[in-house]
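Here the chain labels run A, B, C and D in written order, and each chain numbers its own residues starting at 1.
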Amino acid sequence: MEFQAIVDRLRALNAPGIVEVDEPRAPDKETKDKGRSGRPFVMIEPASLVDILHLCRDDERLQMEVLIDITASDPAVDDANLWILVELLSVKHRHRLALKALLPKANPVLPSATAIYRAAQWHERECAEMYGVTFEGHPDPRNILLPDDWVGHPMRKDYEFPTEYHGISCE
Amino acid sequence: MVSASEYFGNVWKTLSTTWGGMKITGKYFLQKPIPVQYPDERLPIPDRYRGIHYLEQEKCINCLACARACPIDCIEMDAIRHGKELEWVTFTLDYQKCMFCELCVYPCPKDCIHMGTEYALVTYDRSELNYDLLSFKGMSRDARIRKKEAEEKKAAKDAAKATKAAKAAPAEEAPAEEEKGEEG
Amino acid sequence: MTDLKQQHTPSIQPSSEEERILPSGEREFFFDVSTSDLEINMGPQHPATHGVMRVLLRTDGELVTGAQPHLGYLHRCAEKIGENVEWLQYLPYTDRYDYLSAMNNNLGYSLAVESLMPELEIPRRATLIRTICAELNRIASALIAYGTYGLDIGAFTPFFYAFREREWIQALFEKICGARLTYSFIRIGGVFNDAPPGWLKEVGMFCDVFEEKWREYYDLLVENHLFVMRTKDIGIISEEMAYDFGLTGPMLRGSGVDFDLRRDMPYMDYKEIWDAGVYQIPLGRGEKGTTGDCWDRFYVRVQEMMESIKIVRYCLEVIEAGPVIGDVPKVIKVPPGEGYVGIENPRGELGHYVHSDGGKIAVRCRVRAPSFVNLAVLEDLMPGTLLADSVAIIGSTDIVVGETDR
Amino acid sequence: MSFLALVQDTITKDNVMGTPHDGGNFVTELLAKIRPEWLPEWMFILTAVGIAVGFIVAMVSVIAMWSVWMERKVSGHIQCRYGPMYAGGWHGWAQTLADGVKLLLKEDMIPKGADRALFWLAPAIVLAGIFGALAAMPLSYDWYFARMDLGVFTILALGSTTTIGVVMAGWASNSKWSLYGAMREAAQVVAYEIPLGVSLLCPLMTLGTFSLLDASREQATLFGWDCGMGWAVFTNPFNMAAFVIFWIAALAETKRAPFDLPEAESELVAGFLTEYSGIRWSFFFMEEYAAMFLMSVVGAVFFFGGFETPLTALMRAADLEGGVLYNLVCFGTLVLKAFAGVFLMMWLRWTLPRVRIDQVMTMGYKYLTPLALLCVLLTAVWEYVRYLVVG
């Protein structure tokens, strides 16, 4: 299915929390809009992420069996939101879907998708340690790549690099 | 439980596939080995090999394009311009950092930095890995003397200016000294 | 899986001396032996962990009752570096997460960045050279998988045979780009260099020789009964499990799922090659044991080498002279946008999510590493196997620790 | 003096097991010729013991050094490479010597948590077992340390005492990997002693003797013709099957790949050797290679004619029997046959993947043992028929 068809299907299923569709657009000189290239996303409410994933996996026409990726992006230091990006793949129908959710940096809490896709477990652990997103209901919320006692969330744009770690100078 | 056919099938398969493998290994046992004995004989190195850099210094115009292209900032270069001539202060490449990506070679407008075929980077000390790529300092002796005189003159002038400035406003002393330090 | 300590259940519950009176009136004493499972640290420096990975094993004798992978020993902040260097400057870093298939990483990153640059046109020759290099690199990577898997199982010699051919591939890469492992060859807009004269012919020669040698690999290891006995019915990943864990690449195909990004979501010229009927997708069919066992995954990797050879041969036929790089400035500025491109790496889907705000530097450069995802399945596969099987299972996931940790 | 008397009895009357024989130990025989009048008896005995022990130690060292070099060259050439090429000049012949010197000079390390006494003792026990077993090996028809009627039993019994050393080493190292290696070794050796012994019964029945010397002599005649080719594998087809079983069991006994589970470098790091280093580590390797050689000797003697080839038959026909040249040829024949066996072991090692522990057990108990028993039965039938026909 093409992207538009997937979105229509989601809308037809009354998928909760769909905000809008973020599609690439051509640059417009009059409004000084630089445009956006790349791929389209479905913007969703972060709270309804789990429901939408459930829907995407179980609906027979979407049938997204594989969760490819869950990650976050910090667009800028002064941006109030983190972007949560979810990439889904349907092996049977051979289509993809990308979801995007804006999560306030002040309180980045997201329900965990582990119950739906086991693949989410490690992605969420990585996302949690790198961006400080709390995944509610995650069965094993330890650090995965960083040491257990690491302070801060390194992938955030406002992260300050430590000058020492356990007495070892990193300058 | 395994059936009799499976039982003897297993025995047969084990022995026959073992013999099949032994035929292959035995074949290679009788063949001449492939490797070259490294220090005595060496494989030819292709022209495009990405080894230690070399610099065609006479062409270089100290434009910093390579240093800017470097992903890890391992190139440090500095030269003083005297008309058309350059007096090189430094052109070093830190091979502790360098990852031999060749990205420094492409942006060069004069096509003067290349990656050579030399690859042995064995030192007793890490600091020796900070290679100096300069082959000469780039000025004749006369020019150097002339330059030194000009520099001394300029330094004297600056010093005079600085003392004047220091007298006028003691607060400005610090930046003046810094300037001097840079020129020296 | 939660912490191993919490799950810890001794196989025999310790108890004090117990006195029982049998029906016959005799007294019987029981001295229950208090046993507990042994926790073993496999790694970070262990021959079978393929790098610096640590697996905490809980064993009851030879039986593994629990396993927990610990990552991060090779974490080099690749994604953070991507947010700090220019677009083209990040290219050498992509070589370094999956160092066994650097060409494919270059390709994945370049395609992701190119997806944000709609005006950029990639010349056909560049695409074909990219395909040749990516497929040759896939062979080289599969050769490592073949060799090291033999090593894990205890067969030493296949490793050297595999390296012999891999050396040739590396020499080919050395001729075209000057490096043997970290190529930085496929770049945004095309490739760095055109193939040197005679190079394509040598690739053809390599294909001829490789087909012969491949038969030997097959007889020496894949068909060897001892090897089959070691790998069949071990580490079975069912189709549902593969979906659940998000497995891709040979791990997914080993479970019998017919899915290959090259065919099903074609990038570059793979659609054309598939339409020409050049290659097939090898699948695990449970020929020796159960579908989705270690042997199936290994078999898929070995078969894929031959399919790659076919693709290379096709590319050599259709390649023509022409430019090898599109119109790319020296300092690349990528128009604002976000894109995700997943390509078929030798280990699965290598995805790059790139986010540009129109500047010289990426806002976010996410790498979806196949090894990282494929490794997660270990926790479920290991319990109930023998210690030697756990090594076979780790080997069959074919991870590159540089990629799991990035 | 009671101990010395025992030693004297052992050496001079060579009745370690079974009945006394004519002739004596070749060391004492040689020494008796040059013994000065004034040398007291006990000194003579001590010297003889010393020389014999020195000879065996030298033999183990030479076998181990040659085998290690051979292994490296064989594995190298099988894997399309050269192996050692520099030390000593010609094809790196002195590589093992150089390695030995290096190992001697290495720091002697004992882990902190190790059981020091056992850790120290384990290599000694391993070596003692193999020395004892080698003493039972005849070098030629007239050259032997002890003429034993039950020589093959002595070799098998003393050869398997090395297991005790290996288990000791694994336990004493106080490392989990070492412990695994030791347990595997114990399980494996117990499983494979049975098929090893049972498969050897087939040639023993064919030849009708337990003595290595007699077994060799038995195989000189083929259909009553002294051609040196009456090898057990030729006279009875089931001996060939028995040899395959014997060989697989011997691989397991000597912990060679594909049965190198006790050290299994990809699973157990290095198994029972994990904590060993330096010269202690090399003792285990000396044992391994000496055991390989010994198993090959047993295989050569009981299946492939021992000292017998057409050459020895020819020399007998030329009435050279008993001379130094004849004995040298016999010795050379045995050593060549044994090293052919060692080569076969290496060839197998560099071809096959390792077997899993449960498969080792399955193979030992479910495949080799019944098949070996079947072989014994069939051999017995064959021999009986042969007895009826040939007489």
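Observations
Operating definition for what follows: contacts are C-beta pairs under 8 Å (C-beta built on N, C-alpha and C of every residue); 3 or more make two chains touch, one makes a residue touch a chain.
Predicted, not measured: the structure shown is a model, and the values here were computed from it.
Where touching is counted per the definition, the chains common to chain C and chain D are B.
Interface comparison, B-C against A-C: more C-beta pairs in contact at A-C. The most distant chain from chain C, with centres taken as the mean of CA atoms, is D. A separation of 32 Å divides the Cα centre of chain B from that of chain C. Centroids of chain A and chain B (each the mean of its C-alpha atoms) stand 40 Å apart. Separating the centre of chain A from that of chain C, both taken as means of CA atoms, is a distance of 24 Å. For this pair, chain B with chain D, the centres built from the Cα atoms lie 58 Å apart.
Of all residues in chain D, those touching 2 or more other chains are 78-81, 350-352, listed in ascending order. The set of chain C residues that touch two or more partner chains comprises 157, 161, 164, 220-221, 224, 226. Counting only pairs that meet the touch rule, the chains in contact are A-C, B-C, B-D, C-D.
Those residues of chain C that touch chain A in the complex are listed here as 1-3, 71-72, 75, 77, 79-80, 83, 115-118, 243-248, 252, 257, 259, 264-265, 335-340, 342, 349, 351, 353, 355, 357-358, 363-364, 366, 368, 372-373, 375-376, 405-406.
The touching residues of chain B, counted against chain D in their complex, run 7, 10-11, 15, 18, 21-22, 24-26, 28-31, 33-35, 37.
Interface residues of chain B facing chain C in the complex, by the touch rule stated above, are 10, 13-14, 16-18, 20-21, 24-25, 28, 34, 43, 46-50, 69-71, 99-103, 106-107, 115.
The part of chain D that touches chain B in the complex is made up of residues 74, 76-82, 85, 244, 347-348, 350-352, 367, 371. Residues of chain C touching chain D in their complex: 38, 40, 46-48, 61-62, 150-157, 160-161, 164, 220-221, 224, 226-227, 229-230, 386-389, 391.
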